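The following pair of complexes shares a single chain, chain A, combined with chain B in the former and chain C in the latter.
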Partner chain A sequence: MNKILLFELNTQSLGFDLHYVREVIENKNIQPVPLAPHFVLGIVNRRGKVFTIINLAALLGVPSKDLSPDSRIVILEHKEMDIGILVDIINQTKSVSLTEKKANETHLFTSKEKEFRHMVLKCEEGIHLLDLEKFFTFLKEGKF
Partner chain B sequence: MRNKLVISFTGVILWILAVNFLSNLVMDSAWKSQALSIAMGLLVGMIFGIYISNSVTKNLFRLVEATTVVSEGDLRQEIDVKATDEIGKLAASFKAMVLNLRQIVANVKKGSQKVIQSSDEVYDSIKKLSGISEQFASEVEKVIGAAQKQFTLLSQDSLALKSISDSVGKIATMANVASLSASRAVKNSYEGKNAAESAIRQIQGVFSQVEKSILLTQGLGNKIIKMSRVMEIITDIARKTDMLSLNATVEASKAGEYGKGFGIVAEEIRYLTEESKSSAKEISLLIEEIQSENAAVKTSIGEGVAGINRGRETMGTLIKNFDHIVDEVTKLGGGFEEISIETNRQAMDSKTIAQAFEELTKFAEANSLAMQKSNAVMGEQKKILEQTKASSQNLMDTAHKLNEAVAKFKVADE
Partner chain C sequence: MDLDKYIQIFFSQAENYLRESYHILLEIEHGPVEKDLVDHLMSNTHSIKGMARTIGFSDVEELSHGLESFIKNLPRQKEPVSNEIGLLFEGFEVLEQLIENLKTNASQKISYQDLLNKLHSLPSSPDKTVAIPTAGGDFSPKLKGYTHAQVRTETLDNLLNLVSETLLCQNRLATISKTYSLRELHSSLFDLNELIKELHLQITLARLMPIKILTDRIARIIRNLAKDKKKEIEFIVKGEDLEIDRSILEGLEEPLIHIIRNAVDHGIEEPEERERKQKSKKGTITLTISRVKENIVIQFEDDGKGMDPHFLKQKALEDGLITPTQEKTMSQEEALQLIYAPNFSTAETVTEISGRGHGMFIVKNKVNALGGSIEISSQKDIGSKIIIRLPLTLSIMSAFIIRVGPYLLAIPVAKVIANTRIVPQEIFLQNHKETITFRKSPIFLCQLHTVLNVASPPLHDGGYLSLVIVEIGNHHIGLIVDGFVGQQEIVIRPLKPPLNHIKVFSGITLLGDGKITFLLNLEELL
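The block that comes next holds the complex of A and B.
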């Protein structure tokens, strides 16, 4: 059993493995970064630490929604690499059992990056869980 | 005459005797003397007879002549017969008769002249009278026509006057009604004025109430603004709490088995925050609604105040107008009362006049009838006058005839 954090990206319900989640912060004080990739919104200073904020919708090819007071930044951590993901609404936390890699068949997104077209792990109860290992690998490889 | 005749006869006889004697003497023959004496006797007798008859017939002729003249009407004849015989007596009595006759005829002549004169005068007078009476009759005819016309006119006038009197009566009634209405209008306008004044008082009360409610609304608006600020704080706290509980859940999940209980608590806290968040959202919405409604109330109150101000001004002018109306209607009522009094008087007068005219019409009718009667009388009078005229003409004719008859008698050289 894995615990996941459910959220929405422009009406598309998605989930993060709670194992990767460090905290959730408000969508505030994002400092834009010049010449950054198109999916990078900017940086945020949080308790002396600087996080890069990624527009996941832009990355996945989901139409962006206007910012609202419900928008949150989910800070994810993975092997000394912390990044912030902007999501529209945080819904809840839930315990689900993973059915690994079987979601590869699905083509939820129309991303320019081919990797992201198969970034979803399909879980039980119809929840689309994002494959964060793949995500971080993509970021570390810097193929953008 | 007899004496004459006796004397002359005696003389004749004597003469015959004398001749006879003489002849007897002279004559030789008895025959011859006889013849001479007869011849002589015849001669003397003839002379004597002629003389005697002459003396008698002469007077008689004169008398006859005079009577013939008298018989022709000439009474101027002086009969001069100096005989003492019967013829003389006859002549004397004839003379006396002629004298008497002359006197009588003269008197008759004078009288007949007078009669002619008088009858002429009478005839003239009657003629004049007839003319005058004809004139009078025509005048009377005219008067009758005029009287009849007057009667018709008067009847028409009387009818017209009656209708006028009726109309004036109606006008008087109407004026009375109008006067009553005017007094009622005065009363009503007074009531209207009072009503308007009380309405203004009530409106002023309403106005102060509205002012109070404006103040209250303004206070409510300020409080709502404060409330919405508080709600913002609450919403912020709820959001923060939500995030805090979320992070607590994350932390609890990371703590593994030990964090399980805390995780449940954190989850519960998160549910509560969700609820408080939605409640705060509802409240915020309500506050927003209240604010917008309050604003609407404020604008409508502003409009109401403006309307009330206008209403106040209108009421002021209304009261002024009512004052004017009261004045005017009071004047009007006075006027109507005067009119009513006057028309009543007029109605009475016109009624009296109409009655007088009716009587006058009756009089005119009676007058006309009397005129007609008098015309009839005039006709009779005319007839009588005609008769009188005829009689006077007869009289005149008779007088003229008399005069003509008397004129045959000549009594003096005229």
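The block that comes next holds the complex of A and C.
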């Protein structure tokens, strides 16, 4: 069983492995970055460390919702990258068994980034799980 | 001491001994075989052998023993002993491979028996049964007056990061002190700043490594490559005693070796061809390293076949990199820049005929990533010259902060020639580019607003524009900005994915008030 953090993007419910989550912070003081890819919302300075904030909705092709007081930034744990993900609502954590299936409901995500569709896996209990390793590789390779 | 720790020490010391040995070999290759040098060489092999025996690395022990015996019997004479030196080079290289294999736990077997036989049979080595000198004998390294300690490179990196973070913290405090006009805090912070600067200097000094480490390696590469290609090449190094930051040295390794390989492979002609061209049979490659202001300048020169701008243009035209009109109007200097294009010259014919260009795209990228610049000049049949300029240290620098639209950007002070103002009427077109005259020379302008996709700058009261004139390689360009914010000591951090794919920036930095600023990669603006 793995612990999953569940959150919402617009009306779409998604989750990722809690193991990668460093902290959840409020959506404040995001500075824009010139010439950044369209899915980069900006950067924040968090105790002297600079995190790049990803607009996951833009990346997945889910219609973006206006920022609300409920939106949060999930700061992720990674050796080489300092990444935060903007989500609309944090729901709960849940333990699920990770027998993953490829999500075949690709109509859910209209992302232009073809490979990004493969980053969403469907696991038991109908939860859509984001494959963060693939997500990090995508950011690293820079084919956007 | 546990064995693992001892093995780590062995690897690190063996690396030093090997490096030193190569240097000695290069020295005696062309000069007299001096006793001091030979003794030193022997002491190195002896030390490697001793440590290897303790750990049980029998292959390393056996080969270093063979080398040691051979060195002991080297004729001490005024004339170079090229055959013997050649064999020694081979021997140390195999020894290095053996050690490298142990380090990486590689399973592939390296055979060195033939080499051992050769070491035993070369005439200068009659003595096949050399007694193993006992430790503490003539060859033991001198411990007295030992003033250096080995520090893990990781520790040095950490120290530099920590001092950088301390400086940032001090900057934040300075902002607070200024906001609340706290005079006493202000003077303490001033002292703190001086101390941090001194600490930074000391750590920077500790991180310096002699560039000789790299030039010796290059000398070996040239030696081996020239032998393979049956070319005669003299390699001259000037200024190898300079020391530079280890991260820059590491970053420099790949591009420099790339350039050197190209030169040996395609630049320097074969002896017969050189004779036909009435050049000396032996080609020359010269590497000059010097320090100019806050930069390290590495000048590379060869007297090979050079590059033909006409040919480069033709090739670029064929590949669709340029249009026929561009081909006609392109200057010789511009044509040489074609070799930096990503898809240029991968075809074999180009490297064969043009003499250089293979992978120069990668070289340029690597140099730019270090905050440096590269420029090239070449004359057909006379040779090529490449100049690389790099900053002395990477992490802390004095920067000029400018404002463009909503963004703050940093430029290294070392690159700023002047900041001034102009009125739009001063701008004219030259080669279709916006130009002004500055100190009697034309200077191209760069609208940072266009580069960063923001609205054009408003004219200041009085109808002028703010301009920063910067130096990029040997070019000057004028950057049109919204305004100047000030000058600050900044700590550069590398851009991490996905932002590292934005080529216009080479780093990120936090200002005292917590604002995030990007360091402009000036090279990309050319």
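Throughout what follows, the second predicted complex is superposed on the first by the 136 of 144 C-alpha atoms of A that agree within 3 Å, B and C clash if a C-alpha of one lies under 4 Å from a C-alpha of the other, contacts with A are read in each partner's own complex, and residues count from 1 in each chain.
One rule holds in what follows: a residue touches a chain if its C-beta (ideal position, glycine included) is under 8 Å from a C-beta of that chain, and two chains touch if they have at least 3 such contacts.
This one's a predicted model, so the numbers in the text were calculated from it and none came from an experiment.
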{"item": "Superposed partners chain B and chain C on chain A - clash or fit", "value": "fit"}
{"item": "Which of chain B and chain C A:L76 touches, first, second, both or neither", "value": "neither"}
{"item": "Which of chain B and chain C A:L18 touches, first, second, both or neither", "value": "first"}
{"item": "First (chain B), second (chain C), both or neither touched by A:V33", "value": "second"}
{"item": "Partner chain in contact with A:I90 - chain B first, chain C second, else both or neither", "value": "first"}
{"item": "Contacts of A:K140 with chain B and chain C, given as first, second, both or neither", "value": "second"}
{"item": "Touching partner for A:V62 - first (chain B), second (chain C), both, neither", "value": "neither"}
{"item": "Touched partner set for A:L5, first chain B, second chain C, both or neither", "value": "first"}
{"item": "Residues of chain A touched, compared between chain B and chain C (which is higher)", "value": "C"}
{"item": "Closest Cα approach, chain C to chain B, once both complexes are overlaid on chain A (Å)", "value": "22"}
{"item": "Common ground on chain A, meaning residues reached by chain C in one complex and by chain B in the other", "value": "none"}
{"item": "Residue ranges of chain A in contact with chain B within the complex", "value": "3, 5, 18-19, 21-26, 69, 72, 90, 92-93"}
{"item": "For the chain B and chain A complex, residues of the former touching the latter", "value": "239, 243, 246-247, 249-250, 253-254, 267, 270"}
{"item": "Parts of chain C lying in touch with chain A, wherever the complex brings them together", "value": "165, 168-169, 405-407, 452-454, 493, 496-502, 504, 508, 510, 514-516, 518"}
{"item": "List of chain A residues in touch with chain C within their complex", "value": "31-37, 40, 43, 45, 48, 50, 52, 80-82, 136, 139-140, 142, 144"}
